[in-house]
Structures are given as C-alpha cells and as structure tokens.
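All chains are identified by letter, namely A, B, C, D, E and F, in their written order; residue positions are counted from 1 within each chain.
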Amino acid sequence: MRSVRIVVTNCNTTQEMTEEIVRGARAAAGPGTTVLGLTPAWGPESAEGWLDSYLSAAAVIDLLRTYEGPSYDAVVMAGFGEHGREGVRELVDVPVVDITEAAAHLACLLGRRYGVVTTLERSCGQIEDSLELAGVGRNCAAVVGTGLGVLDLGDADRTEAAFLAAAERVREAGAEVLVLGCAGMTGLQRTVGEKLGLPVVDGVGAAVKLAESLVGLGLNTSRAGGYAKPVPKRRVWPPRSG
Amino acid sequence: MRSVRIVVTNCNTTQEMTEEIVRGARAAAGPGTTVLGLTPAWGPESAEGWLDSYLSAAAVIDLLRTYEGPSYDAVVMAGFGEHGREGVRELVDVPVVDITEAAAHLACLLGRRYGVVTTLERSCGQIEDSLELAGVGRNCAAVVGTGLGVLDLGDADRTEAAFLAAAERVREAGAEVLVLGCAGMTGLQRTVGEKLGLPVVDGVGAAVKLAESLVGLGLNTSRAGGYAKPVPKRRVWPPRSG
Amino acid sequence: MRSVRIVVTNCNTTQEMTEEIVRGARAAAGPGTTVLGLTPAWGPESAEGWLDSYLSAAAVIDLLRTYEGPSYDAVVMAGFGEHGREGVRELVDVPVVDITEAAAHLACLLGRRYGVVTTLERSCGQIEDSLELAGVGRNCAAVVGTGLGVLDLGDADRTEAAFLAAAERVREAGAEVLVLGCAGMTGLQRTVGEKLGLPVVDGVGAAVKLAESLVGLGLNTSRAGGYAKPVPKRRVWPPRSG
Amino acid sequence: MRSVRIVVTNCNTTQEMTEEIVRGARAAAGPGTTVLGLTPAWGPESAEGWLDSYLSAAAVIDLLRTYEGPSYDAVVMAGFGEHGREGVRELVDVPVVDITEAAAHLACLLGRRYGVVTTLERSCGQIEDSLELAGVGRNCAAVVGTGLGVLDLGDADRTEAAFLAAAERVREAGAEVLVLGCAGMTGLQRTVGEKLGLPVVDGVGAAVKLAESLVGLGLNTSRAGGYAKPVPKRRVWPPRSG
Amino acid sequence: MRSVRIVVTNCNTTQEMTEEIVRGARAAAGPGTTVLGLTPAWGPESAEGWLDSYLSAAAVIDLLRTYEGPSYDAVVMAGFGEHGREGVRELVDVPVVDITEAAAHLACLLGRRYGVVTTLERSCGQIEDSLELAGVGRNCAAVVGTGLGVLDLGDADRTEAAFLAAAERVREAGAEVLVLGCAGMTGLQRTVGEKLGLPVVDGVGAAVKLAESLVGLGLNTSRAGGYAKPVPKRRVWPPRSG
Amino acid sequence: MRSVRIVVTNCNTTQEMTEEIVRGARAAAGPGTTVLGLTPAWGPESAEGWLDSYLSAAAVIDLLRTYEGPSYDAVVMAGFGEHGREGVRELVDVPVVDITEAAAHLACLLGRRYGVVTTLERSCGQIEDSLELAGVGRNCAAVVGTGLGVLDLGDADRTEAAFLAAAERVREAGAEVLVLGCAGMTGLQRTVGEKLGLPVVDGVGAAVKLAESLVGLGLNTSRAGGYAKPVPKRRVWPPRSG
C-alpha cells in the first residue's frame, strides 16, 4: 500500500492556523497518509471578504509555484469559500481539493439538504458562489454567518454558542446536515454535532478523505479544457521575501 | 486502524454481475476494507428503464431488510441511475453511497464539466434525474448512450468501440471528465482512459472510496428530515423465496 | 360518445383508502366514465417516506402487471408524491396520470403560484422532487406538512384544523392556489376551500379529468425515448400471494 | 350533467381562422359542451411577433370586456405563444385556459420531454417565454420554427412537409412528444402523428379539455394575489367600431 | 458632440405623471440630451395589474406608431413592470430601454443582490416576470409591495413611511441595493437613500443613462431574430381619438 | 456639468495593451470624461486561464491600493472574464465596472439572447462563470473561442476571420447580439459589425458608459453586505518593485 502525501495550504499568513488545520487534517487522514502544512509568504492574516480572498488566491498559487520541498500526491486548499482552486488545478500535476466543495460533496451524501455556518455575514455570498460554481449549490439550503471573525474563533464558548444559534437558522431553512464554514472551526464538529442531533461536516477532514480517494483511484485533474497547463509566457511574480 | 466493512448491493439478480462489481470494489478499496456483495432475490436480471429501476429499488430494500449476515459499516448501491438510495438511507443505520452520485461527486473535482456514457439511450433520462436530485446535475454536460444493453457489455471490443464513440459526443458537449454510466462497465476506465486523454471515473470505485471516507470521519446519514427511520407500521413484504 | 374506463391504483394496501379514493374519483368523473379501484397485494399500509414509496412503486407495477380484469382506457395513480409513474407508463398501453402532477397541472391554470399541504413533514422533499421531475415545480411556492400521518386523517376536525394552519404558511410563501397533498385528503377541498378563500385542488379529481382528457383526445404515452416498452428479459417478480 | 359553455377567442381578426379553431374545439369537446368562437374587432390579421402579440392581448381583453352574448363557463384563448392570459384571468369570473400552456400541460403527461413546432422562427422566443412563465418550461426540449407564416398554413402539403422537417429537429433535441405551435395547425395532429410515431398535441383541443376539467371540478381562478379583479379606475378603451 | 433626443413614454393616460417622469428624466439626463414625454391617448389612468399592463402595452405601441413629432434617438418606456418593450423594439428604429430592466442592470453593478419596492402587492409577480425575461432576475433578492396604489404616491410622508417599511423587508431578504419599483416614485431615491444607508436606483434615471449610452456607442436593437421589423400585414388599430 | 474621471485598469502587464484599451475607452467616453490607464506592476503579460486570472486579480487590487495619482470618480476593469471586481469594490470608494458584465448588460438591451466570442477556448468557462455571478448569464446563448491567444490579436486579418467564424457558431446557438470577449478586441466591433448584420458590443466602451452613468446618477457601491470595506487587519502585500 502506497502512502499518500498531502500538502495542505492555509489561505492566510497565520502560522498558528496552519498548525491547527494540519492537526485537523491528520486526525482525518488514513494511516498511510502524511500531511504537510504550508503557509503563504504574503497575503492577509485571515481571509474575510473578496479582497482578502483574491489576495489569498494569488498568494497560495505563488506558494505552490515556489515550493521546493518533498514531492506530494495531492493538494488540499484550506480556505472556506476562498478563491483559487481552478488556478491551482492548472499549476500542479496532482489532484486538488478545496475544503468548501469537499464538505458539500460529503454533506450531499448524508441528507437531502445541507447548510453552512460560517464566520462573518459578509462571507456568505462568497461561499454561495463557490458552492454554485463547484456544482454542488443545488442542495444547499442556506449559508448563515455567526458574526464572529476568523481570529475570534479562539474563544471556544463564544464560538460554540454563536455556532449553535446560527445552526438553528440553517436547520429552519431545511438543512438536514451542517457544514463548518471556516477552516478555523475544525474540531467543532465533535462538540456541536451531538448537541444539534445533526451530522456536522468539517471541510478539512472531508478534503483529506477526497484527496486520498482520488489518489487511491489514480484519478487526476483533466487537462482537456478549463484546467489545461498554464500557457507559457512572461509573468512577473511578486519578489520572494528574504 | 479500524477496518471498514462495506456491503455492495447489485441492482439486479445476475450473480455474475455482482461478482464483477465486487472485484471492482475490492480493487478500489483501501487495505483495511472488506467488501461483501449481495444479489437481490428478485427483480430484473438487468436494470434498463424505469420499470426495472423501481422493481430493483424495492428488491434491494428487501434484500437489506432481510439480510442476516455479519454487520457492516456502509452500503454501496451499485446500480447506475437506479432508484432506491433514499429508501435505503431510511432503512439502515450506516452511510449509504449510490454509484451514480459517487461518480459525479468525484468527477466534479477533476474538471469544470463532466459527462456520462451509459448503455441504452432509454436510460439517459433516469440518470439525468438521479444526478439532478443528488445535487450534482449542474456541472453535467451530457448523458449519452452507447446503444448497448447491460448484458451486451461482455463483448469487450464492441463495448470499447461504442464507448469511445459515445465519449466523443460527450466531449463535444463540453465534458472534461467522463463517468462510466453502468456498474457493468467497471474496469473500462483503465483501457479507455488513456485513449481518450480524459480522466474516467468508475462509480463503483468512487462509491467505495466515499463510503470509506464517511466511515473514517464518523459521519452518518442525518435522521432529521427526509431520511428519518421508517414510520413503524404494517408492511406486507413479498414472501421470501425458499 | 364512448365511455372511459379508468383504473385507479391506491399506493398502499389499505382497502378502505382505495374505496375512499374511488368515491372521490367517481365524484369527479364525467357521466360516461367508469372507475375501478385497485389495491396492491403487498406494500405498506400507508406510504410515508422513501422506503414506503419505493415499495409502493414496485407493488403498484406488480398489481397492474398481474391484473386480469376488464380492459381499461387509462390509469390514475393515487399516491401523492409516491414513485412509480414512469414505470407504469412503460408497462401499460394507455395513458397514465399521477395525482401529484395532475393537481399541479390544474393548479398552474388557476394562479401564478400554488402550494401543497401534505401529511408528515418528511414527505415534503419527495413531493418537491416529484413536482420538479414532472416539469411543474417552477410555480410551486411551498410544500408544507400538517404533522398528521396518512392514517390520522380520519379525524375530520383535527385534520381540518391542521390543514388550515399549514395552508396559512403556504399562502404566506406566495401560493394563490392550494393542492391537497395526500389522496386521503380527498373531499377536504370543499370544506376548507371556502374558509380559505382560495381554490383547492384535489389530485384524485384532477387526475381523473386529465385521464378523461387524454383519452378523449386520443393521446397516449410516447414510446419514443424514456417510456418505451420494457426490454424483454427475465424478471423475478415477487410470488403472487395465495 | 350540466353542460359546459366555452368561449374561444381567436388572437387575430381573421374570421376564417376563428371558424377553423372552433371546428377544432368542437371536435375535442365533450358531448355536453358548447363552443362559441369570438373574433377581435381590432388587432392584427395574424399574430406573428411581439408587436402583434401585445396588440392581440389588448384586443382580446377588449373583446371579452364588451362581449354581450350568452353567459359562459370558461374561456379558451387560441393564440399560441400570444400574450394576455393573465389579464383575461383578472377580467372574467370563469376559468381561463391558454392553448400554449394547455398543450404543454398535456404533453408533460405523455413523455419526459416535449417540443414545439411553430410557424416563423421569430415566434420561438415568445413561446419559450410563455411556457416558462406558465411553469411548464422545464421539460420543453426545443421550440423550432417551420419558416411558414400563419397565413401560409392553408397549403396543406407544404405545411406538412415543413412540419415534418421541423419535427425531426425537435426530436433530435430530445422531445418525445410534439406540440403544434399555432392555432392554425389544428387538425395536423392526425395527419402527421402517424408519420412521426410520436404523440402530437394540439393546443386548442388540449385547452378545451382542460377548460371542461376545471368547470367539471368547480375550480376557478384564484382572486388572491396576482389575478385579483382589476382595480376600479378610469380606463380609456379604444372606441368601439361602428 | 451630438445631442441625444430621448422620447419617454408614460404607461398610463395621466398627464401629470408624464410630467413628473419627464422631470426625473431631465434631472438624470446629460447636458446634450433632450427629453420629450408622451402620454398614451388611451389605456388606464394608472397601470396596476395584468389587464392594465396589456392595455398599456398596446396603447404605448399605438402612441409611438402614430407619433408625428420631431425625430428621436432612443425610447425610454416608463412603466415599471409593464409589458410592451419587445413590441416597441420591433416597431421603432432606435434603441429602447424599459425602466424595469434599466434599474436592475445598474443595481447589479452596485451590490451582489438587489431588491425592488413597488406599489401594490399584486404587481410583484409582474415585476418578477419582467426581470426574469430581461435576463436580470438572478440577483434579485425580493420584490415587495408597499400597499400603496400608484395614484396614492402623492402623499409624500405616507409614501416614504411605507417605502421604508417595505425596504426593511427587502434588505432582510438579502438585498444590498434598492430599486424604486414605480415610475411615480422618481425622486424618492434622494430622500430615502440616506435614511436606508443603501444605494437606491430609480428606473427612469437609469433608463435615460442607458439610452444615452447605447446612442453614444452607436448601438441599436438587433434585427436578427426576435426583434425583427413587424411582418407587413393588415392590422386594425383602434381609431385615433378626435 | 461636472467632468468624470475614470481610471481603467488593464488586467496584464503589457503597456501597449493598456494604451490600446485607453484609446477604446476614450473613443467611447463623453466629452466631459477623462480616462487614465493603469498597468499592473506585476502579474501575467496576458491573462489566459484561471492561474493568470487570479494573479491578475491580486495585481490589480495591489495596483489600486498603491495608486497615488489624481483622484478619480470610477474604475473600469478591463480584463474580459477576469477575476477581481468584487475585491476592487471593497477597496475603492467609487463605482467599479468590469468590462465583462458591462458588455452583457448592454447586450441584453439589444436582443433576446447574446453571445460572446473570445480568444482561447480555455477562457470560455471563466467567462460563463463571470456572467453567471454578475447576474446576466440567463440570456447568454453561448461563449465561443476563436483559438487565438490575446497576444495574437495584432494580426488584424487573421483575427477578423477567426472572429467571423466563431460569430457564426454563436449566432447558430441563438445569439442576436455579439459581445467582444477580450479587451484586446476593442475596435473590432466596427469592422465586423457590418459584415455580421448584428450589433457588436465592446466591453471597454460599455463599461465607460456605465461608469459615466453611475457617476452621473450619484450612485455608488453598496457597503451593506458583501462589498463592505475590508476588515482592518495585517496584510502582507508583495513588496513594491523598485
């Protein structure tokens, strides 16, 4: 049995969040899977809104472009609702799974409708768009914000209370399954799942399993059409720091 | 590492097809996964069309209802485009993955649009409906038939030629990824994938990996809403044969 | 003027409900129409949820397959939101009208948006899917449950109160026309229509009129495409009882 | 058994076409139904395009507003793809059925997808819009023109040949049922249906049967919401001719 | 710099409303633009509901058909949610902009979702249909009525209070931009915009700017397809009054 | 009359293309409008595909963030199908118009369906997504590639021939209006419009007029919801070159 080496990219520059995401990814990973977390050299310290998201997309692409570590079998992009997955698919020669779509794909298997609870209300639109373009928007009943910023998630009690309140709204909208709408919420699925009586899907774990699945089946991104290799040309990349 | 025990249900009464499906499932399964194939005691010898599909749905539900073998962790339903998955989700206490939706979920990760090549043209509508209700119809570019019946798939050369011709039509419709639209096509992904230059997803393998993923993450079907346990009541089941 | 002979199939094994449905059908039928009610030999005593629905679909197909009574001109399938209509269309050589779609077709003619009031909340999703696939989902404003089971509908006062409460929610969602979402509600359209000030469509009556219409116009199910005759093959049907 | 009195409004000023439509309506009508044809006093001699359609809508509303003949039980509006049905629903106190939607409603019962063959290509867009707003656009595979004007339909051989050619395109788009997309095509369903091997639905006949159905069930247009009685106010109507 | 001559058609016969609309149009117009208001010779004194709308559509077409004043470069149709724009596009040889679509086009540029506040609730459906067919319905969060009739809008305080209450509902539905859903509300954008903290788009102003834009770019209605010149034929128009 | 100062951002680093875009913008601009072209300091020399697009989005945001020239009234983003518009809306305090959406908005006013002719086939998907999220995808009949890269557009004859061939495919798909799907095609609308007999919309010109329109009406981006100001936080931007 071949091992699977997964690179997980954080969408922001906060090293602690990368570590937290890696912990969540390793908890989900199979025994033969290794997880390497990468933090962008530039970009926002947390991605909240469109400007951050586009900045993050370019920074993650730049991160993988300049990566010189050990080779890997798949990329997991850990930014819920953030942009960039199609660009990374063009760039790398291995399967790419974004945690937004990953959570939705698994959620669809567990109930007729799912819903997402995320951080700030301003992110809901981005998430809706991301799900729609990934092809899994149809069975999404609602995307609801907790009002908490990404960096507020450290306060566990406040986070849980806000999550439960938002989850109630999502359930009323018809959701039978919940999705954690932020990489920084990883771990919450266990504590709140029982209280809610609903399955709770964490995107990081979901993406790790889907990445393992694609690698295990020998499947890779199609080069026919949208995700062909980037056209060779002159590109001015931001100078590497240091 | 806990092992995962998967029950794979064939949608028809043909034991040889069950065996072929089990071979495909085992080829995809992880090292800790065991696969048990089940064949319905009644129903059609192959499922082609709506009548067969509804008959198959009830027969597979009956099969699992009366199953008395070793316990299992997940069900894979191996009937491409066939009905029944929601009913099985009500019945059993473990995750249920249908090969139709499974193939589509993975295909969405590999390209912007996917397409399905199936057996008879008459099955295309059923498959479209199945994908739509599963929530993954948006990025399906086309579902195309080869004109071959399920039981004609034994002739490998003819099958491959018909598949390649149909695949060309699917690609012209915009598909960047192909899905094998019949459990009996399992194995074809290797032989035709290279010729086509496109990733080819087999639903049986996809469903096995998704079932392993759900079990590995401790996720189970939601009981809130549509997939609650069946209401206790009098039901007259078909008498068991023998 | 030729008479029209309609067979009405109940979706469950409860003979009393068949009789009630037949009464409703006869009240709607034109002077030259005869109605014959058929009860499946197996299946659930009431259809509530997906498992019941698939069981019912196969049982109704089996019922018509083994029917040996006088010939008929059309089939009305009296199970609101239940599966099977496409399979019956393949099987029989006469037009087939399902009460779900029938009610929606007529409701569309009476207002810009219609809504459905059904029994248990768990059935709402099935009904939504059924309307969507029948091609009449667009103008459905909402499907709402009363919380009453099919077999609770005998208590007229409780049923009416629950119906009126649910109807209020449907109206708030924009419905201008109501649809009775259960064959067992037949008759309620008269008592509640006046109180609500909205037209109320009963699927059984609607289906009888549509069946008469198709027969009167000499129209029959298309055999081109999805509803072709079933492919001849070996099918193991449940042994006939007795 | 009460008789049903149906008023059929032509969408144009051509008296011969009214007569032809009335013949078609009577051929479809049940034994207790009487049909009265009405021709607008003003408007286009045939409705082809948006300008004609809006002119026709107002003229038909004016026609019914000033009608002083015997009372009637339902209105059939015989202009395929033409505007006005919602306005007539506001105006009169009986059910209103437009032949466009009527044909589509019945066609949905006969196959998974239907298609429309109409006169000029320029009318296709109007028909698509009309079907979409009527709530029955989902299962329409295609609307195709024959290139013949409404008043060219008198040449039976040319009409049939053009219809058959257009029907082939509709069938290739997935239609399993055909709809005659012009009131002036009434009668063609018999001659071409057999050649095509597909059911062919004529909107005039369909609308008559649906009107009879609504009257028979005691159903009427909802006054809650969009189709409330017109607000009383000053309206300057075109002076009556003569 | 060439001047732009815009004809603005009121949808009703109320001369005062034409004047008010012209004032709004002139306030929005660029320095080189002249605005000429036209009032239909017949039709409703205000357009509220489908009957009025179809009457208005024909009256506006008739108005432009018989117009004999100075030539013009574009038509602005000032009836929010009213019919007729496609017919006018066929008729005249200059660009035509309807205020409904115009407001929506600009609103889409200002926020991710917009909403409409209109007069009577009965008009909401018409507006939704108009936006959908214009191709800009997707990002419309809600259309909400104030309960005020068109001719009640003269009472500024009552109008503003009703508008603000309705705007709150639209905002809760997700709208980030408001659209004034009645030509008679022109001017309200200034007084309520500040209180709401949201951009408020007036359709009359929007249509004037879009008409200037099209003229400035030398763009005109396509004659290929739906908006070809009307087919020459006999049409009986209402006799001209006086 | 106040003048309007528009900043036009190129999506790539090619200065010549900025100049060409500015020429197109000035040709479209009103007499009181000034146009200032800006070229990103980093990013691709032409944007073709997802990787380029995300790189471009961040580079354009960075460009405007660090801009220190004279103040401006609106931003026009000249990258057809490229990402970033929502992020720029968050960043700047003036209206932002992307040429993709701008062309579609005007095209919707000129015909019932429009189509886009772009450079490489690989860009079609991005453009479709961009139109869909902008809320104007419904009336887009097709997006078709010419097979020419952005930097190949210099060869006028080859470009025109390829454009005309692609335009034919778009027209067959039902488009009545064409959109130039690349900023580098600006100017082509005049030469090919006449040959095609269809209106041809150039996004640069369209965006300039829409920007003038928004400024003229005093409308600005909504800060309620998705396009609120970026949350203040630490962001590591690429170091400024030089």
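Here is the rule we go by: a contact is a pair of C-beta atoms (placed from the backbone, for glycine too) under 8 Å apart; a residue touches a chain by one contact, two chains touch by 3 or more.
Chain identities (UniProt): A, B, C, D, E, F = Hydantoin racemase.
Note that the structure is predicted; figures quoted are calculated from it, not measured.
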Spell out the chains that contact subunit A (Hydantoin racemase) while also contacting subunit E (Hydantoin racemase). F
Partner chains that subunit A (Hydantoin racemase) and subunit F (Hydantoin racemase) have in common: none
Does the subunit D (Hydantoin racemase) and subunit E (Hydantoin racemase) pair touch with the same residues on each side or with different residues, judged by whether over half of the numbers are shared? same
Approximately how many whole Å separate the CA-defined centres of subunit C (Hydantoin racemase) and subunit E (Hydantoin racemase)? 44
Measuring centre to centre with CA averages, how many angstrom lie between subunit B (Hydantoin racemase) and subunit E (Hydantoin racemase)? 52
Centroid spacing, where centroids are CA-atom means, of subunit E (Hydantoin racemase) and subunit F (Hydantoin racemase) in whole angstrom: 27
Interface hub residues of subunit B (Hydantoin racemase), defined as touching at least two other chains: 86, 112-113, 125, 132, 225-227
Viewed as a graph of touching chains, is the assembly arranged as a line, ring, star, complete set, or other? ring
Name the ring's chains in order, please, starting from subunit A (Hydantoin racemase) and stepping to subunit B (Hydantoin racemase) first. A, B, C, D, E, F
Given the complex with subunit E (Hydantoin racemase), which residues does subunit D (Hydantoin racemase) contribute to the contact? 13, 41-46, 48-55, 57-59, 61, 83-84, 86-91, 120-122, 125-126, 129, 132-133, 149, 151, 225-228, 230-231, 233-239, 241
What does subunit A (Hydantoin racemase) use to touch subunit B (Hydantoin racemase) in their complex? 1, 28, 30-32, 86, 95-97, 101, 105-106, 108-113, 132, 134-139, 171, 174, 176-177, 197-199, 201-202, 205-206, 209-210, 212-214, 216-217, 219-227
